[in-house]
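Scrolling down, you'll hit the structures one after another.
Look at the two complexes coming up: chain A is in both, with chain B in one and chain C in the other.
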Partner chain A sequence: MTNPVQVPTNVLIVGVGGQGVIMVSKVLATLCQNHGYAVKQSEVHGMAKRGGAVFSHVRFGPQVWSPTIPEGEADVLVALEWAEGLRWLSFLKPDTGTFIADCQRIVPPFACRNRGRGAEASYAPQTPEEIIQQVHAGYAMDATTMATNLGNLRAANTVLLGALSTALDFAVDDWLATIPQFVPPASIDINLAAFAAGREWALAGEKRVDANAEGPHVSYTEIRHAQVDTVVEIVEERCKGCDICVKLCPERCLRLNDSLVAELVLPDLCTGCHMCEWLCPDFAISVTNTPVPEPA
Partner chain B sequence: MKDVDVLDDFDIEDYIRQDQMPHFLCPGCGHGIALRALMWAIHDLAIPKDKLAVVSGIGCSGRLSGYVDASTFHTTHGRPLAFATGLALARPDLHVIVISGDGDCLAIGGNHMIHSCRRNLNMTCMMLNNEIYGMTGGQVSPTTSSDRFTTTTPAGNTEPVFDACALAAAAGASFVGREVTLQILALRELLRDAIANDGFSFVEVISDCTEIYGRKNDLGASPEMMMSQKSSMRPFAYRNTVDVPFRPTGLKTGVLAKTDRPEYGKAYRAMTEKLRGKKGRG
Partner chain C sequence: MNLAAARKPTETAARTNRPLTGNEAIARGVWEAGVKVAAAYPGTPSTEIMEEVGRYPAEDLHAQWSTNEKTSVDVAIGASFAGVRSFASMKHVGLNVASDALMSFSYIGVNAGLVLVVCDDPGIHSSQNEQDTRLFARFAQVPCLDPADGQEALDYTRMAYEISEKFDTPVIVRSTTRLSHTRSVVHVGERQVVPDRSFIESPAKNVIIPAHARQRHPIVIERAEAMAEWLETSSLNRVDEGEGDVGIITCGITYTYVKEVLPGAPVLKLGATFPLPERLIGDFCAAHDRVLVIEESEPVVENALKIMGLQVEGKEWFSRLGEFSPETLRDGLAKAGVLQPKAAGSTFQSAPMVRPPVLCAGCPHTSCFMTLRALDARVTGDIGCYTLAVVEPLSSVDTCVAMGSSIANAVGIAMAGTETKPIVATIGDSTFLHSGIPPLIDAVYNKADITVFLLDNHITAMTGGQDHPGTGKTLRGEDTVQVDFVELVKALGVEHVTMADSYDMAVLQQQLREAIEFRGVSVVISDRPCVLDPVKIKGPALTVDQDKCVACQSCMNLGCPALTWSDEWFEGRHKVQIDQTSCIGCSLCAQLCTSDSIRPLETPVAGE
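Our next item is the complex of A and B:
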């Protein structure tokens, strides 16, 4: 690690809105301030709300000029969500950086762009083992399970804070004194326990991947529907060409043909969502989804 | 069951009279969607067809009863609620559903509507509000929005607009709700709750009249009308969070009123039993 006396130390904290990215960076910034360092923290969180990407740059040292960390300059990258961590991996110092990540997966909507039933979400395919081998020092933790076992899932960020404490030169007591200022009074004990658990896990050795790393935290968006064959039947005699199905189809796969009768022109895009069937005032459309037998 | 997902064991073809199809409604008329939602709700409640009575008046909405494969009753203009009242009192085992239009229910049958709400007899009134008398030639109705052109308001409507749900709730209906046709799943759920409610249920369905109303007022084709209707509504969940400036109208969707007023049919039957007892019969 860089000696903070000469050059600023850069800690980048990334995650998903609602996880506590800002809380982690506030604890760290306050701790550094109490040790007499100049601290600059810059974050983007406003538009992310809950569920969007959030990041926070914390830089501390004898003198800090710019509030943001240049690419490839972060000493520590703390990721509260696995894919967010991978997105920011290029900011880590290639030869000396430490990567601390929770393996929890929160699949964002843009990973589900293929809306066909049975389609796979295009979430980061790399396994934690592969990533940890690529970085200088890395910890792929299952902080969410650790926090859940302690009694509160929301303390996962403090578990990562515990792991972060092993990468920076501050006394444990200073960390323990700072955390209570930023958590609700009722959850101080659980956060201190979470900090201890995270620190203990990280001290057990570098380049480690939690055994449960890809464990139970599968987001509901990853639950795959059974693959289906969709058949859209349009009764020509009933269709009056009102355009409702054409305009309100989410995939825009219907058109009116020359005789003003609805026609399925892009069957590959059809997801079998039934919208055209339900909104047809003339009961002319019927959508049937039949399950595709699983390949043996 | 024709499909893999649970929503889909409903097939509208089981509930409509095939020999009457295609129906007479204009292209893009929302009434067909409302009819599907109603049949879907009936399917959800597993009401057998011989226990279902659909009563309707005159107008585009009045013709819908003729397409339902059940006991149906096409009555005089504005009086479906009066006919249905007699039916519900005589046959409490039936699920009585009234399909009415905005002119039928609020103008010509306005008095029947408020007294049906007052009595709170067990039936469901689905009022299809398309803001116009469509079938009779496009005259202004009590729900026509201000400044809109109709055949009887060639320079624009200046009359104040009736809020049918507020009227029904004030008159004592025990279940009052409103939904747009675009939100067919929400509409189906609302109708299901309305039919299951023990008492008079009033559901206003915001429908679109493309040919006679939309065309004259340059409101676009039916998809555009349906989308604009939906965006001008204020959904139940956002009622207290979204501020007025974001919404041009204050109309709300969802369940608007629900009370536990005593149902009239029970009181009526108790009275007849008592009188029979006095005469020493039974």
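Our next item is the complex of A and C:
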């Protein structure tokens, strides 16, 4: 860790809206201020509340100019969500930086858009082991489960704060005195326990990956043969052109043709979901999915 | 002056040093300056200024949400006429709305001091453009102060009132997103006692008819010259002595990046970017072989210096686009040959994913836009959370221009006569009150065949939940008269008005269908509150029966952040699961479910 007497120490805290990124940075900033350091804490609010990515830069030292941490100069990167940590990895000091992350994933609906058979969520593909071995010091913790076991999963950010405390030169008692100012009175005890648990976990080694840390899911195509032949049959005589299937097809692959009969115009997009078949008031549509035999 | 040394905490000063964001520091400056009337319309990144002003005692000052930025500036102007210091804050695009009042008031000048804080958004974190307020200040011929950190945000705000009264002018203090939202230790002072003045009956100054305006215009120009002269020696500008042949001229938050990247360079920091002190700048340029102007956004200072005939460089090295950072400065300085290019960056291998902002779990806007998509309407959008419906999976917003644009855009599309789809304007409650009412009158008056979908979620949601005239609460939380939207639109002449429940998709769709079929202007008002503000709504969560789910992905078309894929499969696609902590039980996914597999987690016991 950089000696804060010379140049600012940089801590970047990242996560998803609602996880408590700001609480972590407020605890740290207050602690630094109480030690007489100049501190700048910078975050951008606005869209963050809507489940988007959230980040907070905390810089402290005898003098701090830029409110943001230059790329490649973060002493510590604390990620409350795994993929958010990876997004900011280039901000970590390559040779001396410490990476602390909750290995729990929050997979947004945006990552679940591929409706092809066998498709996986487009989530960061690397395993925690692959990431941790790249950094100088790294902790892939299951902070959410640790906090849940202590009685409140919302204290996961405090578990990470405990790990952060091992990377900075402040006395444990100072951390413990600061945390209660930023958590609801009813959850002070749980948060102090969460801090202790995170600290203890991180003290057990410079590169650790929780045993529960998930790798990528085993994809459907790896466990089962996923080739299916989908046929959509539309009986022209029954279709009265009501447009229901066209409007409600999730993939928008149906159209009304010139004679106002529904037609599958984008067969490549059709996932064989049966929606049109179920919604058709005139039983004009049938969808059949036939597994294609595995090649010998 | 050494900023860091000045704020080094000492034993005695500890209580007067507080960690404040730029916005909080500005609010403190407003209070300390003895302001008695303050008004604003919320807008990121300026919103917290007025929220914070409203936390100072009501005996000290009146603070209010106004219906829009122009109204807020007119309120402040009225208070200035009446002889008390006044204040208005807004985001950069808010100044466009307020500019009509500002342009005239620049000619009129103040009785008691009037300051506008305008927050720019370089990088477009949460706006529709990245316009530079310094250009507006120059246009209006009003001084523009550009603080670099929280301490200056407070000090400059106080000083702006002195300048306003000394030179008989409104003053703009310009912040940016980064400054507004950075917290640092600020040395705070006490509230200044400013004696009230009384109204000055001076029609030649205060009534801006053509004859008077022609008298006032030369005064405006002389005023700028007098201010420029005063700025030659003002403490607002500062020269940091340094080594080297390259001098840097900078302003605002960019100064902190300059000090980060070039700690030893000679720097002229301009505290005001309009007007400019020519001799001070000329002397600085003469003392250095080469001068770089480093300013975020537009080349405002650079161009002015070039007109002065000074040899300076600037935008050939530093972009007009986006937000600056130490990296962008380092890159620009390397291109200019002032710094060595930085060695190759990080070698970490990782592939993150996109995480765009989304409508909240249970957001009542979700079903509104899903229905519009199903109806295949031509949808003009407006400014608010609901603009997020432009992206997959809702993909149902065709246009979004500016606050209040949706309705008149729809009128224009209808009048063009080329559109075959039904035309629907979507507008939130706060935006409707801000600038949606005149265009609705326009639509009725001109007999446009459009449907207006008023998305009333009972709050200004996008900016974090501020009250407005439709909520029945003031900024300070007092009860007040509440706008009745149904009666309002009826009074404007709308004949087809329906209240809709956006948690009932089938009925909502039928109501919209009927409104669209109505010839003329129809209004549908959805009436579910925002799930976050003023109270966070959390009902019993729903759950997906994994045995029944057929992975049809119908519910996933909502884009609800509580819905994600489970580890189970059906015919090659992931089944869906619901995150219990974020689900609020709105039941929209259950209404869409094709296999009836979404049910409440716990069946409520009757009578409870």
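The working rule: the second predicted complex is superposed on the first by the 230 of 296 C-alpha atoms of A that agree within 3 Å, B and C clash if a C-alpha of one lies under 4 Å from a C-alpha of the other, contacts with A are read in each partner's own complex, and residues count from 1 in each chain.
Basically, contacts are C-beta pairs under 8 Å (C-beta built on N, C-alpha and C of every residue); 3 or more make two chains touch, one makes a residue touch a chain.
Note that the structure is predicted; figures quoted are calculated from it, not measured.
Undergrad: According to the stated criteria, A:187 is in contact with first (chain B), second (chain C), both, or neither; which is it?
TA: In the superposed model, A:187 contacts neither chain B nor chain C.
Undergrad: Name the contact category of A:281: first (chain B only), second (chain C only), both, or neither.
TA: Only chain B; A:281 stays clear of chain C.
Undergrad: Once the two complexes are aligned on chain A, which partner has more residues of chain A within touching range, chain B or chain C?
TA: Looking at chain A, the partner in contact with more of its residues is C.
Undergrad: Identify the partner contact of A:152: answer first if only chain B is touched, second if only chain C is, both if each is, neither if none is.
TA: Touch status of A:152: no partner.
Undergrad: For A:64, decide between first (touching chain B), second (touching chain C), both and neither.
TA: second
Undergrad: Could you tell me if A:290 is touching chain B, chain C, both of them or neither one (first, second, both, neither)?
TA: In the superposed model, A:290 contacts chain B only, not chain C.
Undergrad: Report for A:237: first if it touches chain B alone, second if chain C alone, otherwise both or neither.
TA: So A:237 only meets chain B here.
Undergrad: Check whether A:126 is in contact with chain B, with chain C, with both or with neither, and answer first, second, both or neither.
TA: second
Undergrad: Tell me which partner A:134 touches in the superposition: chain B (first), chain C (second), both or neither.
TA: Second partner only.
Undergrad: Which partner does A:247 contact after superposing on A: first (chain B), second (chain C), both, neither?
TA: both
Undergrad: Looking at chain A, which of its residues have contacts with both chain B and chain C?
TA: Residues 226, 228, 247-248, 274, 278, 289 of chain A touch both chain B and chain C.
Undergrad: Which residues of chain C touch chain A in the complex?
TA: Listed in rising order, the residues are 4, 7-9, 19, 44-45, 125-126, 149, 177-179, 181-185, 253, 256-257, 259-260, 263, 325-327, 330, 345-360, 374-376, 385, 388, 391-393, 463-464, 532, 550-554, 556-561, 563-565, 567, 569, 571-574, 581, 594.
Undergrad: So in the complex, the part of chain A that touches chain B is made up of which residues?
TA: Residue list for chain A touching chain B: 226, 228, 237-238, 240-244, 246-248, 274, 278-284, 286, 288-291.
Undergrad: In the complex, go through chain A and note every residue touching chain C.
TA: Listed in rising order, the residues are 16-17, 29-30, 33, 36, 38-53, 62-68, 70-72, 83-84, 86-87, 89-92, 94, 107-113, 115, 117-119, 121-126, 130-131, 134-135, 153, 217, 220, 224, 226, 228, 247-248, 250, 271-275, 278, 289.
Undergrad: Chain A touches which residues of chain B in the complex?
TA: 2-5, 7-8, 11-13, 16, 21-23, 25-33, 36, 181-182, 184-185, 210, 221-224, 226-227
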